[in-house]
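After this come two complexes, each holding chain A, first together with chain B and then together with chain C.
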Partner chain A sequence: MNKWIKFISFLMASLFTVSAAHAGKENDTLVWVTKFEPPTYNYYDQTLREGVILSRHIWDSLYWRDLETGEFKPHLATKMEYSNPTTIDITLRKDIVFHNGEKFDADDVVFTINEIINPENKYKNRKLISWAKKAEKTGQYSVRLHLGKIFAPAMEMLSTAVVMYPDEYYKKVGKNAFARAPIGTGPYKAAEIVPGKHLVLERNESYFGGAKGKANISKVLMRFVDEPNTQIAELMSGNADLIWRLNKEQGKKLNRVSGVSAVAGETMRVGYLQFDSSGSTGDHPLKNIKVRQAISHAIDRESIAVNLQGGGQVLDLFCYPTQVGCESPDAPKYKYDPAKAKQLLAEAGYPNGFEIDFYAYRNRNFAEAMMGFMAEVGIKANMEWMKYSALRDKVRKDEVPFNFMTWGSGSVNDVFRITSYFFNHSSDDLALDPDVKKYLDAGDGTIVLEDRKKNYSEALRLIAERAHALPLFSYAYYYGMSDDLDFKTTPDEIVHLYRAKWK
Partner chain B sequence: MLNFTVRRIVLVMLVALTVSVIAFFLVRLSGDLATALAGEDANAQEIADIKKIYGLDRPLIVQYADWLLSALRGDFGASLYFPETVGELVAMRLPTTLLLAFSGLVVSLLIGIPFGVIAALKPDSWVDRISMSIAVAGQAIPTFWMGLMLMVLFGLILRLTPISGDESWQHFILPAFTLGYYSTPPIMRLTRSGMLEVLSADYIRTAYAKGLKPLRVLFKHALRNAVIPVVALASVQFGHMLSGAIVIESVFAMQGIGYLAWESILRNDIAVIQAILLIVCLFYVGLTFISDLLNAWLDPRIRVS
Partner chain C sequence: MNDISADHPKLDPDNALRSNLTKHLFRRISAHNSILIGGGVLGAIVLMALFAPLLAPHDPFSQDLSRRLLPPFWMEDNNPKHILGTDNLGRDYLSRLIYGAQISLMIGVCTAIISGIIGSALGITAGYFGGRIDAVITFIITTRLSMPIVLVALAVVALVGGSLHAVILVLGFLLWDRYAVVMRSATQQARNMDYVSAARAIGCPTWRVVLSEIFPNVVNNLIVIATFEVAHAILLEASLSFLGLGVQPPDPSWGLMIAEGKEFLLFDPWVITIPGIALSILVLAVNMLGDGIRDVSAPENRN
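Now for the complex of A and B:
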């Protein structure tokens, strides 16, 4: 009997030992639990959001877009300026070192850009730099970047998404080994990577600060948990300090629990309804401008954003408000007005409404609410629910007359990445409006900010006036965090952990 | 027996081939691979680049033939998503799933057999009804809900077990119980019916008549015979658990092949999905094959039929 008591005591002691392993303010370790582990820690070789977030922590870009003001500030580079519309001259700081002690200079910039651009190297996120033609060393701390053709958001990309690798280390260890032990200049070092389990980031004590600033918390433990309810349980038990991408209901529940709280964080992701106004998918009522305007008046976007999403803002233009060029004071606004919607439908020849297929891939509750609003004015929308890749493919094959989708602009704070893309007669353009394209081409074809803004403003006005698409609202996620943590959300969908601090 | 074995092996290969064909084409029906791979905000040109880089612009039949020939050589190709090869990925993740499935099987046997025996000893009594209720509940409760409830009770309120992860043996307690409990009912029912049949057999009455102790009769003579079909069932249940681990691994954040399959389905990582389906299928078919051989060896009527 004594043996059994000892065994049971040992068992219980073992169990209790495990649950006592907490992190947090006491040991200055922030535990961030998120859904996915990046498939590789080689940033340019993956497209996952978590990987993008890590890029801002382990590495640095040449300039840095200030998160509050949107201003481009010197970071790894002291100066970046256009010598002509397709050439950028870059001067680098001389006092930067990588985590392994390697000195940062022009060779690193030239190597990084040319390595990623080369299609033979098969980087999955080559798109981040594929707009450039080549980088050329002009001195130990100076580089010339040749674009080949005008790329208006080049400064934006060089201030956010394009980060620098150490050339000597990378060449020595190779692509895959680099992913297992990545080296950068950023505010955190990748101290421990256990694939499938966790990643430990340790503060880079010799970080230069730059425009980003030094990290406040000495250690970050990143864990990967797929199920949101499990994430919530980890937060409530004190095993996590920060979780994200919760919905409104989960956020509300967390706010009723002591020791933790949830806040809604707006993102750059735009929800939109896209109409086949050109008729490229066939003959249907949406070719009629009055029908498109009727739908725009029929849907109470504010109500969906507030009641179902619990955050975000209703959008009047087909872009996110902070994006460069996202202004058009003369563009019409579509207020919720079912009576006007009915009137427009009658004028269009559909007094009793009509029936149409309505495609969507996420936020089924939003889509169903929109179907309800349309039903109120007589439009019967038949839901076609698909996976993102299947729907996107179908749209590009001109098989979708009416869809509800979203676009995050790849966190690029420039209308180039959203408005220009959707209305430049690409396979994702269902409007095929030559007037809109003319203005967008003019905006994309210059680096003079005022000219860009003027042309984009006209394009955005036409898009709204002709109701080619209806921007709905910006997306918002709920972040759950421990009451000890002082963390501010940003609309770029990046979790800036180096800015977090303990209360 | 040799003829029977050869026929079974051919059947196993045909099943595996069919599974690979269905998996290959079904995954492609669910959406464009390059679009999924390029990420949600990739434009048409970026997707076209990805198609070219990964050979996804070739005819489907060529892609399948290419994959099949490599798979026959034991090379499942490269993941479209992870830097590791599919073989390396599966080798990294398989031990967790095997351990989870094995632990789940142990749990289901530990619950199913004793309750089945007790129910058989007192048929139609309240003990029998409680046992059957436990069995019905096991199959009726969805595993993800059961997992979350156990997590809340033991991980959050009592703080006895870890909530998620697979770092230590303690991390396997809740997932193994969740998985095992779901598979308990068939084992319990089979044990009960087997025991009822055996307990009414002549040799058991003889054993009692010889004055043997009831427990000795029960465990040495009755259970040993009643449990034989349970062993065959357990092997099939093990296959079930390998495939059923997807939900459990997702809820408890365990990095096994079930979770890998789920991640790969989300990202249309075709090479990984195909390899996992094939491996689970081979496990399943292999276990059934062994079970068939055992049965045929034990019962000549099966060989003849």
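Now for the complex of A and C:
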């Protein structure tokens, strides 16, 4: 069996491989095969996950959130502190140079932040910094960041997603040329970009290390292959060292093949069911709290998480457990209990169930399993399958009473980016619950951690109690890697290649 | 029938001729392998679809996530309760395959009926009346032929949403072109026959001429095309379902089963192979039957 799979995979790999630069330990080149190529290598001008991952390699942020402890550690900056709740004073390191030799100083920080914030420049991922108002140079190595209004996860953002561009080089070459030859301070430099094919990263030999540490492997080749079975074939035939986003079955089977292995890495991505509890999409049974509770009891989330997905955990709160503020001891938990679900449905006036449209965009098998569980208590959910962007727009237009979607919080380890995002009466909010909003606003509106936690806890309790949405489980990706590679997964859904090393 | 013709050979020559023809037809059919094989296989699939509730060992919709992707009987670790294994959600694969036959056949037959009615009506009208009417209908046929079926079907289904009814209607309203073309030329031939002129001469109304003189003489063309269109519709449904726009889960459609098996292609190829083979057999059977009917009903057209 294994021989056959290896043979087939070899055939497939030889058929599909464009440039079979042999992967591996011998030539110290890590080949990472992934699905999507970023639409541009100008990080702030795109939102794709692969682009986000590259931002952590080519560039650096001011502070760095330690991947194990979650602690914010000095990185490009030596010190960041609030002088008042809407002002952050930043002191920078003095010994840092960009890949092209340009010195890093306050001008780079001020330029990057003000350039991205400016709405006229129309960066696609402007929201990464748009919570700030402006940056001001206070010395050659010191910057003052004005927030305008309180933004609690500012430290989190400055320690992860907000990376620094070189001002002189960027101004000289402009937005588009920068995307073709990006320059940063990070542990790797972009050595070769061949659009549609691959990207070569070379280790930055003069890297300062900081909180991230220097890269272990000297070269990374990032290749783009659309089809997961082909990716697996590449890995098994030795043309790739690392692949990811495999499903549980593929991971399980990969572990039976010699020379490669698969591990599940839990991520911050949360799957959830969203109910139109406010009735803004019209009249339907989900307006009734008992119906929503019934659905929450009807679905065996544990079974889907364990059997279909593997590696994730069932969630009781509408956030990922490590996120700041994601705790609420008094919130009710919905155990799998079809009898209770039926009883609740009968109390709600639907003893024989009802029919409703059920929208989803990914993991068709999860959606189907949930439809199966709902069918057991008499609810006939009709699947409406859509592309993510189409579904999101439809939700925002109040046309979706019931959906299964997922949210990765943009890798931001703070409730602000998920609970507040979905329940602050924005167009993504279908609950429109003023009590929940009140607590969320109070939590978002302070930087005192204890106050934030207290308010978020209340909000999360109300969301669960009123069953505005049902958090399902966290997502896990299976990573496939060659046995030579020593690589640890992290829940931020980011592949930190500079940490990888050979065994 | 044999007895009748043997008992009264001289009294009823008309009946004798008919019974001779029937005998001849039966002889032709029984000597024709593709009709026997195609018809036999198709008959078996039809019976399987009709008696699905009796034949299926399990409920095709009942899922058990802890028993998912059990392999079929010829592989190790198989479970004798699930001969063809279980799918991605732990549903019995054999039961889904049996119920899937219902959907494939229903789509094939309903589509062929809808498109057959539209196509024959247009074709016979054009062929019989000719002239301007023919020009207009030929234009409609050309317009239809210029549209790529799969793309149009995809677009329409994407607009109205995928469901069994939507697929049947969309395919029914798209696949009438071959009927129209063939019926038109067959009618053109038939309308110049002497018996048609005779019927007109004795003052039969047009509808009567068309229905009782023309139609019976072109109907064998209709049957042959219908079988091909059944196969065509089944394959198109599978394509649409494979692309996620056809029959919606949890209904067991073979195309959908193939789509769901796609991600297991490398390690569990049986997930995609089983419905794939079923689909191929069904389409092959329908096509063989169609070929056979053509040969038997009009051997002079054989080439």
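Heads up, the rule we're going with is that the second predicted complex is superposed on the first by the 482 of 503 C-alpha atoms of A that agree within 3 Å, B and C clash if a C-alpha of one lies under 4 Å from a C-alpha of the other, contacts with A are read in each partner's own complex, and residues count from 1 in each chain.
We take it that a residue touches a chain if its C-beta (ideal position, glycine included) is under 8 Å from a C-beta of that chain, and two chains touch if they have at least 3 such contacts.
If you're wondering where the values come from, they're calculated on a predicted model, not measured in any experiment.
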Based on the shared chain A superposition, would you classify chain B and chain C as clashing or fitting together?
fit
If we overlay the two complexes on their shared chain A, which of chain B and chain C does A:D167 touch? Say first, second, both or neither.
neither
Would you sort A:K197 into first (chain B), second (chain C), both or neither based on which partner it touches?
first
Specify the partner with more touching residues on chain A, choosing between chain B and chain C.
B
For the superposed three-chain arrangement, provide the angle chain B-chain A-chain C between C-alpha centres, rounded in steps of 10 degrees.
40
Would you sort A:T40 into first (chain B), second (chain C), both or neither based on which partner it touches?
first
Is A:N239 touching anything from chain B or chain C once the two structures are fitted on A? First, second, both or neither.
first
Touching A:Q250 in the superposition: chain B (first), chain C (second), both, neither?
second
Of the two partner chains, chain B (first) and chain C (second), which one does A:R392 touch, if any: first, second, both, or neither?
first
Go through the superposed model and pick first if A:N229 touches only chain B, second if only chain C, both, or neither.
both
Which holds for A:Y421: it touches chain B only (first), chain C only (second), both, or neither?
first
For the overlay built on chain A, what is the smallest gap between any CA atom of chain B and any CA atom of chain C, in Å?
7
Overlap of the chain B and chain C footprints on chain A, listed as residue numbers:
12, 229, 233
The chain C residues in contact with chain A across the complex are 61-63, 65-66, 68-69, 88-90, 161-162, 244, 248-250, 260, 263-268
Chain B residues touching chain A - in the complex, by the definition given at the top
30-33, 35-46, 49-50, 53, 79, 81-83, 92-93, 144, 148, 151-152, 155-156, 159-168, 170-171, 173, 250-253, 255, 259, 262-263, 268
What part of chain A is in contact with chain C in the complex they form?
5, 8-9, 12, 228-229, 232-233, 247, 249-250, 253, 300, 303-304, 307-308, 364-365, 367-369, 371-372, 375, 382-385
Tell me, which parts of chain A touch chain B in their complex?
12, 14-16, 18-19, 36, 39-40, 42, 45-48, 119, 122, 124-127, 130, 175-176, 179, 195-197, 223-227, 229-230, 233-234, 236-237, 239, 386-393, 396, 406-410, 417, 421, 426-428
